[in-house]
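In the two assemblies presented below, chain A is common to both, partnered first by chain B and then by chain C.
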Partner chain A sequence: MDEIVLKIRQTAKELLSEGKVDEVWGFAEPSIPMGCRPYVARTPEDADKLWWDSFCVMNLANFVPRRSDKKFAVVAQGCVSRNLVVHHLEGQLDLKEQVTVLGVPSIGMLDAEAVRQAVGSVEISEVSEEGGKVRVKGLGFDKTVSRLEVMRDSCKTCRFHNPVVCDIWIKDKTADEPNKDKNARVDQVEALEPKERQAFFEKMFSRCLRCYACRNACPLCYCETCFVDESKPQWLGKSVEMSDTLSFHFLRAFHCAGRCTDCGACESACPVGIPVRYLTRKLEADIEAKYGYQAGLDLETKPPMSVYLPDDTDDFM
Partner chain B sequence: MFARRKFSAAKSLLEYMGLESGRLQFSWISSAEAEKFATTANKVVERVRELGPANFMQKLPLEQVA
Partner chain C sequence: MSELILKKADLTAFLDALTGAYQVWAPAEVDGVVDYQPYDPETLIREKVRPRLSVKKFFHPQRENMFKYTLDPASEECNLMKETLPQDKRVIFGVSSCDARSVVLNGLPFCNDPTNERKDVYYQTRWDNTVLIGWGCDEPCVTCFCHATGGHPFGEEGLDIILTDLGEKFLVKVLTDKGRAVAGLYQLEEAREEDAKSAAKVAEKARAAMPGGLKMGQPAGQDMMGLYGLEELWEEIGSRCLNCGVCTYLCPTCYCFDILDEIKGQEGVRFRIWDACMFPLYTLHGTGHNPRAAKSARVRQRFMHKLKYFPDRHQKKLSCVGCGRCVVYCPVNIDIREVASRMKAS
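The block that comes next holds the complex of A and B.
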């Protein structure tokens, strides 16, 4: 069995039997290949159900809000640890007292849809990995593709693979790439004229079902009642009309300004494969350019939207 | 001052999504600056007239909604 899985199970078992934590948050083995099944282990026996593979793409920090009564351990890659930091800064948890971070330095998670497209089939019965290659078996085929080919876009552009806070390392650290250029998507849109941009996004979001999976998957979206669900006043139409859909996506992204860690959970959750990070990427690129801030890297710096400087840019006026 | 950061981000994202530059404008006007307010309002109207009717995030008439 995979070394990471064994180490997660063993660590979880120790933490739970010593009573150091009430819960260990991780993943269980999915019932189908490339599935993603979040799981909370509460007893040492539960720990044997924990699992890890390259398709554990849900951001576990999503479970944090309104959990202040528990002590827990979380299996976390770089992005998840950054979201724990964001929760700490926003008063959703006490990272030092409440949380044990089980750090898994990420080599990049994989995109199930990209795998299906790479092998040209949805009938996949087995997926295994070895040395940068992904072997995919299904009815009448057995193909091998490179990891990079089927990696999630957010992981390809990831700068911080290692957890920024970590109590127990599940595997050895890898090298971070703090200067990597993340702006390919933003540059692509900015090369267009306003009319073309509008057409680009209208085409992209025309597939949107307004299921709000992107919102629900996002660890930053934790309002008791989301603005899209309110009916008095009703901020937004409920149908899939383009103006409402664009307004929803604009506001969803805007609420993440200065908080988004680019974990890619939104994009992975989208059932129709809309690259919703095109919007959050723009905000984060702006925030980095204007205020030199990247979300969730340390416990001291105040989030950029909760502070100001007298000489902040007002070039928009 | 907090709002300045938020307006800056909002305007930038809207223009990134296809809103023409000039359709959304911000100014810093005190309640004592009546003339500045009037001049600015006129400027906004002029600029938007130049741009013509917007079709960005516009509601469709009821009969066109599927």
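The block that comes next holds the complex of A and C.
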């Protein structure tokens, strides 16, 4: 069995049997290849169900208890740890007192949709990894592709692979890439004329179903009632008219400005493969350019949009 | 009904022949997603596929305009609701048997409810105006389980024509008058007896390839409160469920909707849109009370509806056709096959 899985189980078992935590948040083995099954272990026996593979792409910061008295451990890559920091800064949890971070430095998670594209089929019966290769078997095919070819875009552009806060290292640290250029998508859109940009986004979001998987997979979207669900008064049309669909995505992206860690859970959750990070990446890039801030890197600096400083950028006023 | 032969080389010529009388839709890939698209011989997928979205959208579209009205006091028709009925005649090509069966199952609550003589005029009109050309599944998908829900990879329920892939040609089995009208638009030769025999063998082989041991029908007929009492199950699923609409919107047999008005200037439209029991707003009362406030209660509702309430009301038929879309695309791997097998009241 994979060493990471064994170490996660062993660590979880110890924490739970010693009563150091009430819950361990991780993943369980999925029922299908490339599945992702978040799981909470509450007893030492539960710990044997914990699992880890390259498709554990949901952000566990979205699942852990918020504003509760529970003590819990969380399996976390770089982005998940940063979202725990954002939760801490926003008063959703106390990272120092409540949370034990089980750090899994990331070598890049894989994208189920990219695997389907690479093999040209959704009928996949088995996926295995060895070295930098991914072997995919399915109805009438057996193909091997490189890891990089099917890596999630958010992982390809990731700068912080190691958890920024970690209590127990599940595997050895890897090298971060703090200066990596991650603006390819932003540059691509900014090179377009306004009309072309509009057409670009309208085409991208034309197949949006308004299922809200992107929002619900996002650790930042924890509002009790989302603005799209307000009914008294209703703020936004609820059908799949383009203006309503775009308003939902644009406003949600703005709400994530300065808080988004580019974890990519939104894209991984989308059932129709919409690259929704085109929007959040732009805001992340703007926040970095204007405020020199990247979300969730330390436990002291609040996100720029939630504080006021006399020397704030205000050239729009 | 008749059995005919369509050579694969003539497939686009056959579909071209339908385009005068019908809007023709067929599976095609756009931006990496296979879905039913307006037919185009250039992009037509010439093999059996399971489109990402089901045929539900042709019968119960995500937005269905129901009435239009004017609020203009100068108009004689001020404040009068005028019904807007869909008129298009459509052929949908390449439909799986599971998808076709969903049209009949959804037809139960919309048009054939045992306690309600009225038919939903929108669903019924679309049903009357749509011809489904099926393509039997000779190789079941990895996550399919139609056989465990009362279906068959070559099931004919809901289809007007079913094709069986015989290599260089299709056996075209015409099942309804609507199907006959469509088949009559192109010169198809009669099938020989051995073609029909080979087709039967293909169907048998496909059925035999389906996995055994699934118990999708188990929850039906069981005590409701007993199933409610499976707290460990509902809590475990609820703890990871995102409460998004992926399963319900991709599901061929989830048919819940909301009705809304939109008014622009003096002109108004009343329409219905897909809704999902996963959303808190679905059950939110005007008082602010929500009887399904917890995620676990909402996720429980979905499985109770599909596997318990629906069969109890509609001749023991499950509100699930085993297409497997929810299994593949649920972002947190909630697998209805597993849930059904665990829904056993103690």
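Just so we're on the same page, the second predicted complex is superposed on the first by the 304 of 317 C-alpha atoms of A that agree within 3 Å, B and C clash if a C-alpha of one lies under 4 Å from a C-alpha of the other, contacts with A are read in each partner's own complex, and residues count from 1 in each chain.
Throughout what follows, a contact is a pair of C-beta atoms (placed from the backbone, for glycine too) under 8 Å apart; a residue touches a chain by one contact, two chains touch by 3 or more.
Quantities reported herein were computed from a predicted structural model and do not represent experimental measurements.
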Query raised in the report: Looking at the overlay, what does A:D312 touch: chain B (first), chain C (second), both, or neither?
Result: first
Query raised in the report: Of the partners chain B and chain C, which touch A:D229 in the superposed model: first, second, both, neither?
Result: second
Query raised in the report: With the two structures laid over each other on chain A, which partner does A:S239 touch: chain B (first), chain C (second), both, or neither?
Result: both
Report task. Have a look at where A:G138 lands relative to chain B and chain C in the superposition and call it first, second, both or neither. Result -> second
Query raised in the report: Does the superposition put A:P194 against chain B (first), chain C (second), both, or neither?
Result: first
Report summary line: Dual-contact residues of chain A, meaning touching chain B and chain C, are 237, 239, 241
Query raised in the report: Okay, in this complex, where on chain C does chain A touch?
Result: 30-35, 50, 52, 62-63, 139, 141-143, 239-240, 242-246, 248-250, 258, 260, 262, 271, 273-274, 276, 279-281, 284, 327-329, 331-333, 335, 337-338
Query raised in the report: Where on chain B does chain A make contact in their complex?
Result: 1-2, 4-21, 25-28, 55-60, 65
Query - chain A residues touching chain C - in the complex, by the definition given at the top - result: 30-32, 35-40, 58, 63, 113, 116-117, 122-125, 138-140, 203, 207, 209-213, 215-217, 225, 229, 231, 237-241, 268-269, 271-273
Query raised in the report: Which residues of chain A touch chain B in their complex?
Result: 186, 189-190, 194-201, 237, 239, 241-243, 246-247, 250, 253-254, 257-258, 279, 282-283, 286-287, 290-291, 304-308, 310, 312-317
